[in-house]
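Here come two complexes built around subunit A, the first alongside subunit B, the second alongside subunit C.
What follows is the complex of A and B.
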């Protein structure tokens, strides 16, 4: 057990006025030498504020902070800090960035060569010394950012969301690198919105809306729910229907789809249900499943939503049809010499969720944008709800609902005005618009926020409003671009409850995501890497394929993702 | 139609919902109108005149007290030598200096021709010319008074000048109608140039593009609010011009309103062009500046178009402000008849067609 390198006691920080909700509300935490402390929470939880306080960039309104026993700003020589957007100078080369940081941190010139050599080796960037930082991939930028934070070996290393914008392979490499630093006795604070990363930390500080929800080793949280996570397989009904029914039971507080099985979190104190309780065929089997950090988070937040979606209840049933809801035929997009997406082919029948998976910059957004009409394909064609993208783009647009990655409604208009606008923009008549808006307000509980500026809503409400605006005209096809980035797990469940319900009504969904557990909701996914589709199939099939390739039993979706990318890299190398 | 209405309502809210932005739309243009009206004075007042009096007699004293009594000059600065005079002009302490020679009084008493020297600061040529005019009047007035012969023979020839449309040559009558047009243009262009760029910057552009809204619906939706603001400001300024500054409005108000609408269409087209070309609000802001300066300089406001070189005069045919300035001045001061207004309006309509079509084209081309 190492000594504490950073401690915070009762820290409060407010932005904008005495009455504003504090960004941090009496938070205690400790970072220990030689360990990875995870600062975990959804966007807006206060992670960056906490890190900036520790780095001495701001003062707390109340409470005490000590870095290595001193005031935060006095310990700068022993502090390494990597801000969220890398803190790199994109117009300088890798080498020049290192020089700059060495200069700023007053590294003696005679030590520089040795330090650079060590860091470039450590980060595997030696080959790219002369490349401009702006031209590096997301993963390489993070590694360079880390190297820059390490030019003078710190005793405390603050990493603000190093996993964002990084593909799974680079993310794994980053973890390995940080693991090495920790073994040298450095205390690392790793902030993240990905709950699966929390499980890899030695200790976790869980924040939500500025409040400390949990502080301790992750297993302490998962232990509290150890016996209460089950996996159900072999049911007869469709998996989404089964999940909806299971969630509506009183003894189930959360549930997710995992390939062809369903994972449930049970109410504490209730007896575990027997297979017959679900009344869904004789083959139904129940087995205990290992609890995850996310389950614990949901337990603290009081459980997820129930299974029935009021939105889906109200939605029209999309007529049965054999026609494809979405089709991509050889879609290719070039920007000059650069091919952003090459020869994309897939066909999505009515009432399915299809996922586009891939690292940032691989081409999934390009493919997505071609299908919803934001980009004109250089080659190939596609159709949405039977409307050819090239010939009847406006009809195709009228048939789809769209939810963008970042909040992209009108932030300086009120919630009500946003609803009014999108109802009008999608051509709803006066009565239809009034009914639809009233229904959305009720379903998404927007009543108290109607006059607020949409931009000032809490993240979860922004997401609800975005979904409301996308589905008011009851489109047969939904396009979702990273729909749940950064929101808390309960809001994410709520979102998927609605989507699952809509799909049961025959809506077809195209989703891009880098959350591997979201990929599990998809009927089929296609993995996009280096602008090409490298694998397409049901999540379970891809996992099985990865298991055959790597020999690992029961791989997660992320394992499958990594195995398939490595396989593709091998093939590329063999071909070259 | 429902889609278009939704778009117009949304754009109007976007512009007017924030109380701060409502104030910004009206108050700064109003302040500009007041400040510029007083600042762009063409009268020369509050200037100092240098005096190098080597005569010191009675007539010289009479001349100096007449100059000192003129409302156009602030004070007389007495100088002792040519060197002091040079320094005073160099340091811009005085705009002009009068040199009265030693034999000035003697020459007048002998009924002869007395002359005075006048040194002007040629760096401020316009103002200096006007000062020379003022001084000339004073000297002429004095010579008629002290030379009785002159009164017996009242001006045998010469020119009688009458200034039509602005009989008292009140500079405000000339500048204010132009300022109304220019300030309406500046604020209208600034508002329009932000609209598309703001959507791009805030990420709402994609959301708009995936909706079934057609390009023309989006653009019309974006045109209406700036035009409303322009019409509001324009009407307000015209009323203020009469009520506060007492500049008469002699023409037809309806004609002005119609011309203003056509002019705003042309202007909004330019604003949308700038906006469609910009990725961020900052670019749009700089872009609107880039357009605004030549728009004003080539309009004939600062210097007459007839004085520009021929090739530049051709360029000014494309400047919508040059037509609207003619209309504004004409309707304010000389009750411009409808036929004459239409002569200026049809080129505006042509320019509006060109700028709006170009904006739609650029908007489409830069959708990706």
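What follows is the complex of A and C.
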């Protein structure tokens, strides 16, 4: 134990010409036998490139890579690799996939039965051997991908974002499985964009934009900010307003909403504020909170944005109204026999954030698309800003701003052309369009990128541009589909600062996310699992419910989700 | 980095091929291209598309009512080459010609009978539709043929003065395809198209699909060599293409009565030689594009279209302008089609077939070398 199975020294990798920003810029790292090394960072950090270099699929432009003392391409016999899409043949059965990998990896035939038995038990796929891989759920595909990578026990296991988009239960199971492998002495490299996963790794390699920011056990990073994280409760003003004011203080470098409390990261060296400093009622209480890996990341990046959103300052105030901003009544969508979303019910008043939470394929996007008129519901109805979906879908669409998954902009148009196009598409007059575009350019600091093609922008800028395009016409309702997927935590903070500001102006927001911690920004969330709503309520209430159900104290949103899924499975079994 | 690596392991190759066959068996589109499309093409070229000139619709204007003129008109009417629409004058039929309902108008002029009577060679006028030059040529030829038959039966041209001169009579016989049935050479030609579809299009699609779905990446991280991977793609489609060709041949013989005068060995040799460039091109396209949509577009453009247009399948190469003729020399199916036609219609004329086979093999090696060059075991 403890010997290095993979090492990289001074690795540089460039794509597209000498002047392009390197995808990896002098990165050193080590994967040790018997430990989980986390390769952590937002999209575009260089995680996949690093893994492909280690797997011998590419060659570095500079630097040395050794796998067990050999060149990567010479060490393929000792390598298990699960690429992002699991590398499965979806038109083959589970068994055929295993057979293929067993044969190409030259598993001795006499070991085959025992190995299959062990792997199928381990992954709980024994019942599905004859099922086509393409018909498995996301979590099951992930397990099969892992089984294929393990068919001949490797000494180095590379997992490229195995946790993305699969449901939290599968993620937790996978983590437990990998833990078992590590105890057998395999060195595991686990790449992830989820910073909460980083905390569970034995050692972490933190990358951002190709540069190594941190390398070591995660507590070494969080230790640097211990004592500087506080939780504030009991304030009188609205929590979003409180966060905005707190962030505008000079001694606060980052802050997030956690249900009914607010979590703040303080400037190093500054004295901790006293409750009276916030001047927000007598009940205000401050207590220290455990630091998280994400806090450390933000500290390295130089802190998050301040609290006031220039976008919100400029935005019109949406008139007060008792009418519901968004309503879903029994929305159901079927594709043939397949039910993508069943009986969705919720009502969102003006000026709230409502979250649809769930793994990929659970039915979030389907529900979402029905509400913005992109899919016709099979049953049920709904309304957006007072416009009935069935009768006046076009009016409903005009009343909302839509930010699609992956920031669907026109990649081959320039930033300015995108802004022009969306201003026109939302029907802004010439003067209004000119003013709005000028304002967006200033607020989102797009001035230097105006002539660049939107497709070539860094992800953080794409996200800004997508938000700019969605809010130019100042809609009363915003639909955000996975709005922060893959961006770094500072960009995520900026985004939520704008959204919080807009909500304070009366905008209503419907957001989907598979980042469980982002649910904390929502006033209410609904958990969607297997096309059904399994629980709806304020994040704190759901966590409290989960704590009662599972007995765990202070659960995270992810713990709550898992507990509630188990509860719903339990009920389903009891009913059957 | 890893330049072409030729490690070969029977076990790995067998595993990869098993996988490939399992995928073929489960993919309906493969069957569609390998079985349904050949049938469709065969029936299309066997029945619907015909380059034969039987029953061409023509107009016939008889301005003379003498007995020889009527007998000539009768000859046209009974000819199987023509469907005759009679008319009293040219103006009456001109509209039909303009509308494309008539391909030609034959005029038997007023002085026809008088000229016969005076012992002169009578004249007729044949007006053809120049917008369809092929048909126009056929019609003019056949019209003249009918006229000459008539003249012979009337004894015209056998003037007493010429009686001593030995008459030269041309009598054309078409060997190998006596009835000049276009089906006989279109059906072997469509076998070429079918094999191009399987060899080039299907192969291009399946490798591009591995890139798109990310399975290529997973495979490259295992100990397989590129040679094994490529062989595992080529061999199944080779077998599939041969099976499809066998199906076409059987149908050509049984359903269309196309003669098969050569041997199965020769047919197999020709088809195998052709599949080398065909599969090689498919491999090259998919490795260079790594994208199913682009690969299919290029495969249609670089494989299917030349096989249809530049191979001599439908359009005769010798009647193309010279730059296009020059271009046909780099189209592998140009060598396949004459070889196939030889085997079907003439027999095993190895001295004709072998050069074609040799050239196709050379093309095959060239394409395979190109694909090895672009298929690096690398994502760079």
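Here, the second predicted complex is superposed on the first by the 575 of 576 C-alpha atoms of A that agree within 3 Å, B and C clash if a C-alpha of one lies under 4 Å from a C-alpha of the other, contacts with A are read in each partner's own complex, and residues count from 1 in each chain.
Operating definition for what follows: contacts are C-beta pairs under 8 Å (C-beta built on N, C-alpha and C of every residue); 3 or more make two chains touch, one makes a residue touch a chain.
Since the structure is predicted, the reported quantities are computational estimates derived from the model, not experimental observations.
Trainee: Looking at A:471 after the superposition, I want to know if it touches subunit B, subunit C, both of them or none. Which is it: first, second, both, neither?
Mentor: Touch partners of A:471: none, neither subunit B nor subunit C.
Trainee: Which of the two partners, first being subunit B and second being subunit C, lies in contact with A:410: first, second, both, or neither?
Mentor: A:410: touches subunit B, not subunit C.
Trainee: Contact-wise, after the overlay, does A:257 reach subunit B, subunit C, both or neither (first, second, both, neither)?
Mentor: So A:257 meets neither subunit B nor subunit C here.
Trainee: After superposition on the shared chain, which partner residues are touched by A:394: those of subunit B (first), subunit C (second), both, or neither?
Mentor: First partner only.
Trainee: If you lay the two complexes on top of each other, which residues of subunit A touch subunit B in one and subunit C in the other?
Mentor: Common interface on subunit A, subunit B vs subunit C: nothing in common.
Trainee: Which of the residues in subunit A end up touching subunit C in this complex?
Mentor: 52, 55-59, 73, 76-77, 79, 81-92, 96, 99-106, 132, 148, 158
Trainee: Within the complex, which stretch of subunit A touches subunit B?
Mentor: 369, 372-376, 394-395, 397-398, 400, 402, 404, 406-414, 417, 420-430, 479
Trainee: Using the touch rule from the top, collect the residues of subunit C that touch subunit A in their complex.
Mentor: Touching subunit A: residues 1-2, 9, 11-12, 14-16, 18-19, 22-23, 26-27, 213-215, 217-224, 377-380 of subunit C.
Trainee: Once bound in the complex, which stretches of subunit B touch subunit A?
Mentor: Contact set of subunit B toward subunit A: 2-3, 5-7, 9-10, 13-14, 17-18, 202-204, 206-214, 367-368.
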